[in-house]
């Protein structure tokens, strides 16, 4: 895959945005390798993502930003331009369960997930060895009822120190403090082991078993201050039957959790997700 | 498909049930064409369904019941034996939306749904013509805020008169009175246009759009007194995206609703569903 | 849904196409409601579809075509502009099996399929009544081994007479003559009851049963002179098990066939499908 | 999960098999935790699997076999009884691609795959480190065009030495010699990266891209002497679009390959698969 710049835009919808942006790109001979638009008629908001071959433009990233800024101002855009060769820094947080963490580590290791993983943080020590096998530093930050403030201060310290721009809760099982959710809004990705909004909170597979559903699912979403209520990026489901115990559901659900999280994170890393009004536009 | 008897059993689990039942069948040279068992370890309850080639047994239906009754008593069974050539009498209830009703009528017409449909009842007249094309009587029973008691008395009269043993709410859009739900417990099948327990009640597609889910679904369930809370028979889902408006979701959801309802009803008609503790065992 | 013009383009890829087209639209104040692009790097071909609010432009359809033609010439475009309020004329062809035909008729009747259906042609008379109930003329054109030329001449006559621009083989079960396939290239849509390229030709469910597959499928594709080898528009699958006989597979496959055909046809009617090199780009 | 014996039977179908077997179990007070039957009417063959709580029977495994043998003889059964606490010995064979191997290793490591893995054999050295991290011996047996006989002799030696009863080709990319296929019939499980019988042989994703399919898949099957033609255990698919390059298909297909192989292997390990006439009965 050759180097590309990703121009991602959200702004009030009106005539001429596409023309202005594509003119700008054509003026500088920019070769567009992928383009997606969406107009949300409810909120009259316009969303756009361009992937442009970096070599085709006479700019470096900063130069491109500078050249584009006047257009962004004219249309009141929320916008960013990212460089496909400047991968995001993703801190993974996990607890005792390995499946989501190992799945992400493997995808990263095999080159299918383009990011840096500066470290893994866990409230337990169980997964240290597999993390370190991947050459990634592992930090054990225990969280007890009585030391939460101190623990999350340490977590924040690690996040800051490693300059993370994305945090993935790979079955972390702890609720982050509201101020962390706020500070990293749109940057913390969680995998919840139910088909939200069904079965919010603890033990969703037990809730699903109790209700007698015939499909179970998993939801990858951005974390907000309200539990399991943030913008949904991706969902997946698997069929179950009366034969399946809670233990079977836990096992079968793991595959859902892994794929929903891996897909959702991939979309995020490629700047394909735009949050608006607690919902997401996902350009795939 | 040759004629078969269906022996369906639920009882407290203990050693020897299968042996007793299969001995009974073997004693009379009964040829089993399908057999399913399930032990629910939570409730210590045992479920079993046999399909037996009718011609292989020296009994008619009543004779078989008489011969089997002592075994049923010995094991405290809830049981029934049905005859595949005595199809259930199914009253379909609809409102203005045609898709579920037409789908069921077509499956019945083409021989894929083995039942009798003595009549269709609707609170609107819109679907009269397509129902009558199928040679099925159509009864228009309007339901207004102020005449509900009278309307549902008329509905009950029609149900009784036509000796219905199953009632299907094919997007009927009215809530049946509690006493009807109670009287026909386990015999009224509804299709709800969401992936329950998400989005109970009115306008589930609007609720789904509001929440920004990435999959929508439909749920086929038995009706109980509590709204959208009865035992689930079947669920189906379809993937959506940010591009889909509520109108798109309504359209896409129709296919889910049709298949979930058609499958659920088929299982019911073939005596494959056993209700226990507000959940279902579905032997497919 | 308000009236829109659909501008669909395929041309050799180069810098500036999007800019030129979106400038053109912006110049005339055209409001884009949906836009899709695709660059195929293998063939260096560019695909684009715009949906533009008709009222926002100062043109009628012919005026728009005239104004756009110079741009089309400059970029060697294969292009068309269609009007969402000039629905395509679709002739449905069927045989004895009702499910696909009835499904399409119902979707059309309920307003979910935007087209005109000037007539239905069948080599059997079985489905006359349900077609005529929909107010659509039904033509019975028998096809015997010995009268094929004459039969298909009559079919062609009906197609011409009714000015059909799309022909749907809704389980028609006859192979069209090569000259018809050629003349209506990209306009004849077939539903094949297998997951192509598996099980080409006759009795695919028997072939699938023989091979012991665990999933069966259906394929909606454009008809070409080579049997079951034309560009694929849409595919769908359903899970089966060792319990399913060929008869079960036929029944279960019907739902796949219906949805694959309905979706594929919808994409075609909305000018979302572009054929290139025996493959399709489908903008959904 | 408590210890269980698994009694798996295939025999000519006739009245009285179930009665005989369940009587036998009831006589010894055996508690059946799961039972499955299937009658194949085409071949008049009967299939049955019982899972019996080991503690409820007065036998050890050999005792149970001895006690059951007369019944097996009477009905000409092909049969086996296995002990859930005597896990199969599974040799994994891989090449350079890690995804299937790592997925199986992780499932094994986390306790979701009940087997022993005495060693991994690969024709490349790339995956040694991750295998050894799991504490499993890794054997590098290079295979060149000119040394095949010698290489496979070494492979056979390792298989024999480690007393493997199952061999899994986790994207091994080499074709086993016919005599190995014959000797280990029903014991070698392969994952093929297409939806068989589509795209047999090399580079199936390239073939799929060339054909323009809209779904790609993976097939888990037993290896026979004929390439990619053995009994199918499990298949899975994923939706693709015109946007997906061969590289995208390779990436997306990996998830299909992993789940199809993991599910198929699990069924095999739990003795849920019975081969008959180049097809499988899978009791799940």
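As written, the chain order gives the labels A, B, C and D, with residue 1 at the start of each chain.
Going forward, a contact is a pair of C-beta atoms (placed from the backbone, for glycine too) under 8 Å apart; a residue touches a chain by one contact, two chains touch by 3 or more.
Owing to the predicted nature of the structure, the values given are computational and were not obtained by experimental measurement.
Comparing the residue numbers each copy contributes, chain A and chain D share more than half of them at their mutual interface. With respect to chain D, maximal separation of chain centres occurs for C (centres as means of Cα atoms). Between chain B and chain C, the centres computed from C-alpha atoms are 36 Å apart. Mean C-alpha position of chain A lies 41 Å from that of chain B. Multi-chain contact residues of chain A (touching two or more other chains): 34, 243. Across the complex, chain D is touched by residues 34, 98-99, 102-103, 106, 109-110, 112, 129-130, 133, 243, 251, 254-255, 259 of chain A. Within the complex formed with chain A, the residues of chain C that make contact are 15-16, 18-20, 22-23, 25-27, 29-37, 39, 56. Partner chain C is touched in their complex by these residues of chain D: 38, 40-41, 195-199, 211-215, 217, 231-237, 241-243, 245, 278-282.
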